[in-house]
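As structure tokens, the structure follows; a few thoughts come after it.
Think of it as A, B, C, D and E in the order they're written, each chain with its own count starting at 1.
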Amino acid sequence: MKRKSQRESGSPSGTLSALSLAHGKRVRLWRLLYGHGPANGTLMVLPLDQGLEHGPADFFPHPPAVDPDYQFRLATEGGYSAIALGVGLAEKYMGAYAGRIPLVLKLNGKTNIPDDAEAVSPALASVEDAVRLGADAVGYTVYVGSPRQDDELREAGRVRQECERFGMPLVLWSYPRGRAIDERGGKGSLYAQDYAARVALEVGADIVKLHEPTKANARVPEPYRSLREPHEASVRRVVRSAGRVMVLFSGGEKDDDEARVLARVRLYMNAGATGVMFGRNMWLRPLDDALALTRRVHNILARHAR
Amino acid sequence: MKRKSQRESGSPSGTLSALSLAHGKRVRLWRLLYGHGPANGTLMVLPLDQGLEHGPADFFPHPPAVDPDYQFRLATEGGYSAIALGVGLAEKYMGAYAGRIPLVLKLNGKTNIPDDAEAVSPALASVEDAVRLGADAVGYTVYVGSPRQDDELREAGRVRQECERFGMPLVLWSYPRGRAIDERGGKGSLYAQDYAARVALEVGADIVKLHEPTKANARVPEPYRSLREPHEASVRRVVRSAGRVMVLFSGGEKDDDEARVLARVRLYMNAGATGVMFGRNMWLRPLDDALALTRRVHNILARHAR
Amino acid sequence: MKRKSQRESGSPSGTLSALSLAHGKRVRLWRLLYGHGPANGTLMVLPLDQGLEHGPADFFPHPPAVDPDYQFRLATEGGYSAIALGVGLAEKYMGAYAGRIPLVLKLNGKTNIPDDAEAVSPALASVEDAVRLGADAVGYTVYVGSPRQDDELREAGRVRQECERFGMPLVLWSYPRGRAIDERGGKGSLYAQDYAARVALEVGADIVKLHEPTKANARVPEPYRSLREPHEASVRRVVRSAGRVMVLFSGGEKDDDEARVLARVRLYMNAGATGVMFGRNMWLRPLDDALALTRRVHNILARHAR
Amino acid sequence: MKRKSQRESGSPSGTLSALSLAHGKRVRLWRLLYGHGPANGTLMVLPLDQGLEHGPADFFPHPPAVDPDYQFRLATEGGYSAIALGVGLAEKYMGAYAGRIPLVLKLNGKTNIPDDAEAVSPALASVEDAVRLGADAVGYTVYVGSPRQDDELREAGRVRQECERFGMPLVLWSYPRGRAIDERGGKGSLYAQDYAARVALEVGADIVKLHEPTKANARVPEPYRSLREPHEASVRRVVRSAGRVMVLFSGGEKDDDEARVLARVRLYMNAGATGVMFGRNMWLRPLDDALALTRRVHNILARHAR
Amino acid sequence: MKRKSQRESGSPSGTLSALSLAHGKRVRLWRLLYGHGPANGTLMVLPLDQGLEHGPADFFPHPPAVDPDYQFRLATEGGYSAIALGVGLAEKYMGAYAGRIPLVLKLNGKTNIPDDAEAVSPALASVEDAVRLGADAVGYTVYVGSPRQDDELREAGRVRQECERFGMPLVLWSYPRGRAIDERGGKGSLYAQDYAARVALEVGADIVKLHEPTKANARVPEPYRSLREPHEASVRRVVRSAGRVMVLFSGGEKDDDEARVLARVRLYMNAGATGVMFGRNMWLRPLDDALALTRRVHNILARHAR
């Protein structure tokens, strides 16, 4: 798929106009929103942090995916807005694709081997690494509500300050996690996702990655437990709680039903999301299938210029 | 409500005269006390840290409040002394209001998801961020009596030193919290609030945010348990324990009875407080109601020039 | 009481002669020992860290004492060698007394709300703060024997290094504390106080604040448990263990019997102490009583020129 | 055995060509891959960190091995690619061999005295030490899956950044370890080794030291538990998961059966490994035996020019 | 006893020749080995860290020893190679002896009040303090095998780096300690001391202080449990495990039987030790007795020029 160089939105000030942005951050966000991918103020990001977060097991359904070159090829041929991965992968695989696909350098990460009761995600790279590698944004995970949230939030604050210094946009993986989250109905609930959206706004993210909220259960706190609203309204509520932070929804586990995948994209965009960050739902398919699905996502996003 | 540019007190040296202040701190405190809000040496601050501290649930009673623009509008139209919020909100929403309302940049914060037995509030921003954003003070929470008080106090000490360096006033949210506080009668007792007031004085705050003390209970330590004094005297006692630190009382949960809200303001001002920091009691009302209530608080404060 | 400007000792080299001192430290110690207070090589220091360490409850027996101005007035009118308090009090109350009374800036402190099993005292201010405020010494608490002694001692080491850098004398509150101390007979025993005295010498204090040792009990370790010696000998033993570190004895809780208070002063001075640091036993009395008692302590110290 | 100065591979760009390398790193990797040892793009490294990791007990089977001079002699006479050891050994024993054998300075390490449930390996030396000592790479252990993985990974990230700064290759000892690993079938399983290989790639290692995977057991997670594939395929799988990170397999405990040792070397090289890091299997033999076995390993590696 | 200025060994390159030493370190080690004490490449060091490590109780058997001047007098009159003590004692007592006795500044230390299950020894002073005080080496304790060994080893690594920077020799108190050591037969066993010797070599010490190994017991791990060798061989084994690190054996508790003390010195020197570090066995005797015993140790060391 050819990279779209023409802007599809009337003006780049669409999404960016409401924000007072440092020059470097404006340049880099413009590149993500209007210089690559749908190039109309929406975002389609291909993430590849699963090898670290879940282990190589995630590649078993489609073995070629274990080679990061596969994802780089998909990201460039599919015309994604950016590829999001860690420093080891960027340094070893980006060379051949340099300049062709923006990089969101994921700074922190962890294995899923110890349990998540006290989840914490350590930094493996710095904003300075991102600058050195020519990245257009950094990605950072915060485990919202973890017993170690003080370390998580303090560190996120430091990363944000480094981002200010270098004019680097901050993409926050705002993930409810930990013992207290489990006790309150789990990480997927509207309660948890809605709080996570606000946390992203409060800590100063530019873009936030969230999950589609699931139904409430008995352990979810009030007023969420008693809340009755259509699912679409819940998705919209989460987007609204993020305020001027652009929302990307995560793809989660692979779904073989492509129609369902596309329906979710439509749901998110109608709810006001800026885009999607789908990994396994893309790169666990053969390249041609993945490119075809990517094109269909492109078509949806094309109808939601921001 | 028009911003009062005339000073209502005879002299700005009213509140500030007893203190040896670095030049920058004097300039900024003057702006808060005599340049905005009642402008007579009293303070009326609008806080918006509840989205992080309690989650979006706090906005449910009045949904427009989820958009920080609402609070900025109320703060400017209502002629507040300052708006107090975190770095994410300041960066994304203050642009349109720059210069019209002083900013108290709240540096630390946390979610209420893990329980408060070992409460600790991590810094999300620095005094340097506050300088960069043009703030006139920083806000900082200390959990008095928490098992992790050593981290809390040490960090507060570092923030105070940065404040000295930049001439930045320090507003301390001095909040009793943690397992040992619960065992001694809870965070609201006179014992706890009186101690919190003194802690603010000891660590070098310029302004302290406290809660109106509640009645003693059987678990409160002596001599507070046996103390018999009118409620007004208890409020005055807390103000006196803060010494030359200016005291703001918190509004707490929304009270639909406006007369009761105003009676509390009178109680605080008669007890020697410098002002109030009411959030939910203001921005959980429709804008016109909130502005009307704000005007009535203004009228009370106007009678207490310092 | 008029400040004695004449030195009462034959030579200031009395106490200071045995020590190789950096110039700044010599200047500041001279000011404490021969420039103020008894001015004969002894010390009478008025401490005011109880508001933080114990809370405002300590001021209940004599309510005017809650206003730090009261202690400043007593310290200057009573001709004390120095007043010892924290950064918040120094910054807000010292202005009117600047130059009239030397300041020992107490750098660390904590509330007594969490229990002391793992006591640790965090720094609220730095040696640089002390320099900025014109202090003649810094005060620092070390909880000897606490399970967190590694943090305590490491931090004390850093403070001592900063003291070297600025020529600032170090007054150590050497306080046995924590679970292991309780198991070994408590913080007041000769065993505990004797060890605390040596720790002060080992870590490089210039002056140490200790408590008068209490009688041994069954849980005290050998050889202290079996030791039989007159109480005077025990006090002398503690002073001797501190070596060339000058010893101040603490006053502890208020004793209404003034004769007993004065007898203790005599006991300490006869045992070789450099002086006393009495707080509640002074400022919990009406000003005239406190000044009268102060004069009588002066008279005792006048007989022990060092 | 004479050091081979001729390159046996057609071009040094064999192994290095796919990577975008900083100049210094390219120089140093070239020296390891083509300047010493087999000099054909493969690696034969002699490690000596067992004295710290296991204690002197490891030398009991062959007492002369307790003297590090023995390993230096073997490494130089045997024509190894490098010797890998810590800062104490390098400083005290390398003098006589300087320039004759590249050094991989092992930066971190620990004793095996406390159990490994919460394994963590502290740094004893820095990348700057490695530069000062003329090392051609640094070695660093990460305990994958340890409850303290956040400290482990964060620290590895810092070391990698220092490596970038100095153009120093990073050899990662990627070792599954800790309570959660034990609960999931132990450190030797394909599950654990495969994950460890990917972690090395993700954190930015240049070379990784792994162990030959053992058979699955009932506690190993899916999909590994149900996986049925020839052992050779499992070894190849691990190499593939490491991507462009060069894989060295560890020797582990001494095996008296030399044929079996050599069969393992063949297995690894056929599976795509870059080489081996055999310690006890070499230096627990008399020098002549060790040199003879080394020659036979050389012969195998000579057939796998990269 | 006159200080021997003549070197008794043929050449100072005796002990130092095998090592590649930075200039400053060579100068300082020469001063210790050939400039003072036996001055023949052996060492006789007088330690005084017991006041901190064990408390003043250690001085009870010979009360004058509580005054550090006593040890300084013994060290200079007895012609010791160095006196080893902490920063507080050095600063307050060394003035009168400056230049007459080399100083080993002991950087870290702790009280024995909390139990040793998780032993850790915090730094009270820095290598820079040692430089400032004119020391010829620093002393540093590492608790080998402690659950907190990561802190211990990391910190020792930092101290070593500072030593490199300033050309300062590092004397390591390599002490097995902690819960896991107790479970494996205790701190005195050959297993523990042998491991401690190797750790000193691995971390880069120049000199190590060890204890004479005791007999094995049932809890000691293999192969040590089954090891049968003469006691002399065990002492020699420990010395050999330390490699090119010079070994000093500790004196431990006072032994009234002087012949037994001297026999131990002979045992150590015959086993290859560089010398002894005897404290209580020296300074718990009246000065004349201590000097006489010192002379007899001198005579033994004179027969072991290195």
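Quick note on the criterion: a residue touches a chain if its C-beta (ideal position, glycine included) is under 8 Å from a C-beta of that chain, and two chains touch if they have at least 3 such contacts.
Since we're looking at a predicted model, the values are computed, not measured.
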Contact-graph distance - origin chain C, target chain D = 2
From chain A, count the fewest steps through touching chains until chain C is reached.
-> 2
Chain centres from averaged Cα atoms put chain A and chain E apart, in whole Å, by 58
What whole-number Å value describes the gap between the mean CA coordinates of chain D and chain E?
-> 36
Mind pulling the chain D residues that touch 2 or more other chains?
-> none
Hey, how would you classify the chain contact layout here, line, ring, star, complete or other?
-> ring
Sequence of chains encountered when the ring is traversed from chain A in the direction of chain B = A, B, C, E, D
Listed in rising order, the residues of chain B that touch chain C in the complex are 18-20, 144-147, 149-151, 153-154, 156-157, 160-161, 164, 176, 178-181, 184, 191, 194-195, 197-205, 221-224, 240-241, 243-245
For chain E, which residues count as touching chain C in their complex?
-> 51-52, 55-57, 60, 66-68, 86-89, 91-95, 109-111, 113-115, 120-126, 129, 132
